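Several structures are given next for inspection.
Across the two complexes that follow, chain A remains constant while its partner is chain B and subsequently chain C.
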Partner chain A sequence: MSNSNRTKLLLDIGTFLAFLVTMDPRFSGLAIHEWLSIALAGTIIVHLLLNWEWIVNVTRRLFVKTTNGARFNYVLNWLLFIDGILIMLSGIMISESAMPALGVTLPMNFAWRSLHDMSANLALFIMGLHLAMHWNWILTTFIRVFFSGAKKPVAVSAKQEA
Partner chain B sequence: MKILLRSLLILSVFSLIAGMMIVAVKGALAVAASMGLLEGISEPIRHYSPQASAAESEFDGYKVLSLAGRWILSMGKNTFVISILVAAIVFPRNVLRKLKNPRRT
Partner chain C sequence: MKIVFQVLVILVIAALIGGLMYAGVNAAGSSSVPSFDGERLEQPAAEGFALEGREFRPDGDHDERDGEAGFPGGVVKALVLMSFAGGVYSAVVWAGRKAKRVTAQ
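== the complex of A and B ==
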């Protein structure tokens, strides 16, 4: 198990849990919702940096030689990225806690609020598709990271028996 | 250096798309206003104030429990939506894969 995969998995689990928390501003409170979302932007940048090679490879081969699955995945990732930008931008525009705390006051606009709600609902759907597309990797890496240690004693005892 | 350049590239794409979105929303609002579609729509008011937030944070056991319960339910709903999507895509895909290649586990 490479350290890179372990880092990717742990970061992704953290990002996903934070995403679930930020999806409920009424219950987490507006301040947590806004500051956690800003922190999420940072984790998304790290997520992209960790998967940079894949992004570059698929971009190069997109119209030449790649599978339809990879193409679909690529388009889906772009949609998620654009939707993420829309959520963050509209969130900044309607911010009632984080931006005023930083001394930035923006004029309120009902259009940004509607866009924020719509893009958040869309993000839930695209996130589901994104997870589904990578499910086999997630499951395999999760088992390797969290349960491979439990298998070792069995292997050792099997060797000893032999 | 490589990481810094990549981060700057991501941030510049972010800024470019965000700029396009701001222009698109402003343009759409200007067109809607010129057509008179925005008449009668009032601007939303900011509700958040530090004083109100401090008052809300006073400990009330029942309120906190009720809030936590609703939060768990709401998070459960979101997780359920995502799980349904994942199951709907992953399960048939894995079944098809196994049918195509029965030896692979």
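== the complex of A and C ==
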């Protein structure tokens, strides 16, 4: 298990849990919803940096030589990225806690609220597809990180006892 | 240095896309709502919300600002929708593989 995969998995789990919390502002409260969403933007940048090599490789080969699955994955990732930007932008525009706390007053536009709701719902579908596409990697890495390591101490202690 | 460049690329692309969206929404003409002395105006009630005074307030006695320790319905909704999308994807992939096997035989 490489450290890179472990880092990716732990970051992705954290991002996913934070994403779930931000999807329910009534449960978390508006302030947590807004600040956590801003923090999520940072983790998404790190997520992109950790997968930079894949992004560059597929971009180069997109129209030349790559599988349809990789193409679909690539387009889906772009859709998720664009939708994420729309969620962030519309969220900033309707912010009632984070932006005022930073001293930023933005002009109100009724369209941002509905855009925020719509893009958040769309993100759920795209995120579902994104997770499904990477499910094998998630499951394999999860088992290696959380269960393979736990077996070693047992084996060592068994040997010591013998 | 390489990472700084990569971060800059991400931020520039995000800024370009965000700028286009902002311009698009403004161009749609719905942004021409004037504000009064810099104050934020009321927004129309979204689904499941009702306006009380000058604030967004969810239906009933809930207040979105403080949150509530009750049942996290939004989280469950998110999980259900993501599972549905994932299920649809898996079904399509499974059907595609099955069709390939049948064609190969």
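A few notes on this one:
Keep in mind that, in the parts below, the second predicted complex is superposed on the first by the 150 of 162 C-alpha atoms of A that agree within 3 Å, B and C clash if a C-alpha of one lies under 4 Å from a C-alpha of the other, contacts with A are read in each partner's own complex, and residues count from 1 in each chain.
Convention: a residue touches a chain if its C-beta (ideal position, glycine included) is under 8 Å from a C-beta of that chain, and two chains touch if they have at least 3 such contacts.
Owing to the predicted nature of the structure, the values given are computational and were not obtained by experimental measurement.
Overlaying the two complexes via chain A brings chain B and chain C into a clash.
Once the two complexes are laid over each other on the shared chain, residue contacts for A:L62 go to neither chain B nor chain C.
By the document's definition of touching, both partners, chain B and chain C, reach A:M127. In the superposed model, A:L86 makes contact with both chain B and chain C. Applying the stated contact rule after C-alpha superposition, one finds that A:F27 touches each of chain B and chain C.
Of the two partner chains, both chain B and chain C are touched by A:L48. In the superposition on chain A, contact is made by A:E96 with both chain B and chain C. Looking at the shared chain after the overlay, A:V104 reaches neither chain B nor chain C. Judged by the document's definition of touching, chain A residues 20-21, 23-24, 26-31, 45, 48-49, 52, 82, 85-86, 88-89, 94, 96-97, 107-113, 115, 124-125, 127-129, 131-133, 135 lie at the interface with chain B and also at the interface with chain C. Across the complex, chain A meets chain C through its residues 19-21, 23-32, 45, 48-49, 52, 81-82, 85-86, 88-89, 94, 96-97, 105-115, 117, 121, 124-129, 131-133, 135.
Contact residues of chain B toward chain A in the complex are 3, 6-7, 10-11, 14, 17-18, 21-22, 25, 28-29, 41, 43-48, 53, 67, 70-71, 74-75, 78-79, 81-86, 88-90, 94. Of all residues in chain C, only 3, 6-7, 10-11, 14, 17-18, 21-22, 25-26, 28, 30-31, 33, 35, 38, 40-41, 43-44, 46-47, 55-56, 58, 62, 64-68, 70, 72-75, 77-79, 81-90 touch chain A in the complex they form. Of all residues in chain A, only 20-21, 23-24, 26-31, 45, 48-49, 52, 82, 85-86, 88-89, 94, 96-97, 100, 107-113, 115, 124-125, 127-129, 131-133, 135-136 touch chain B in the complex they form.
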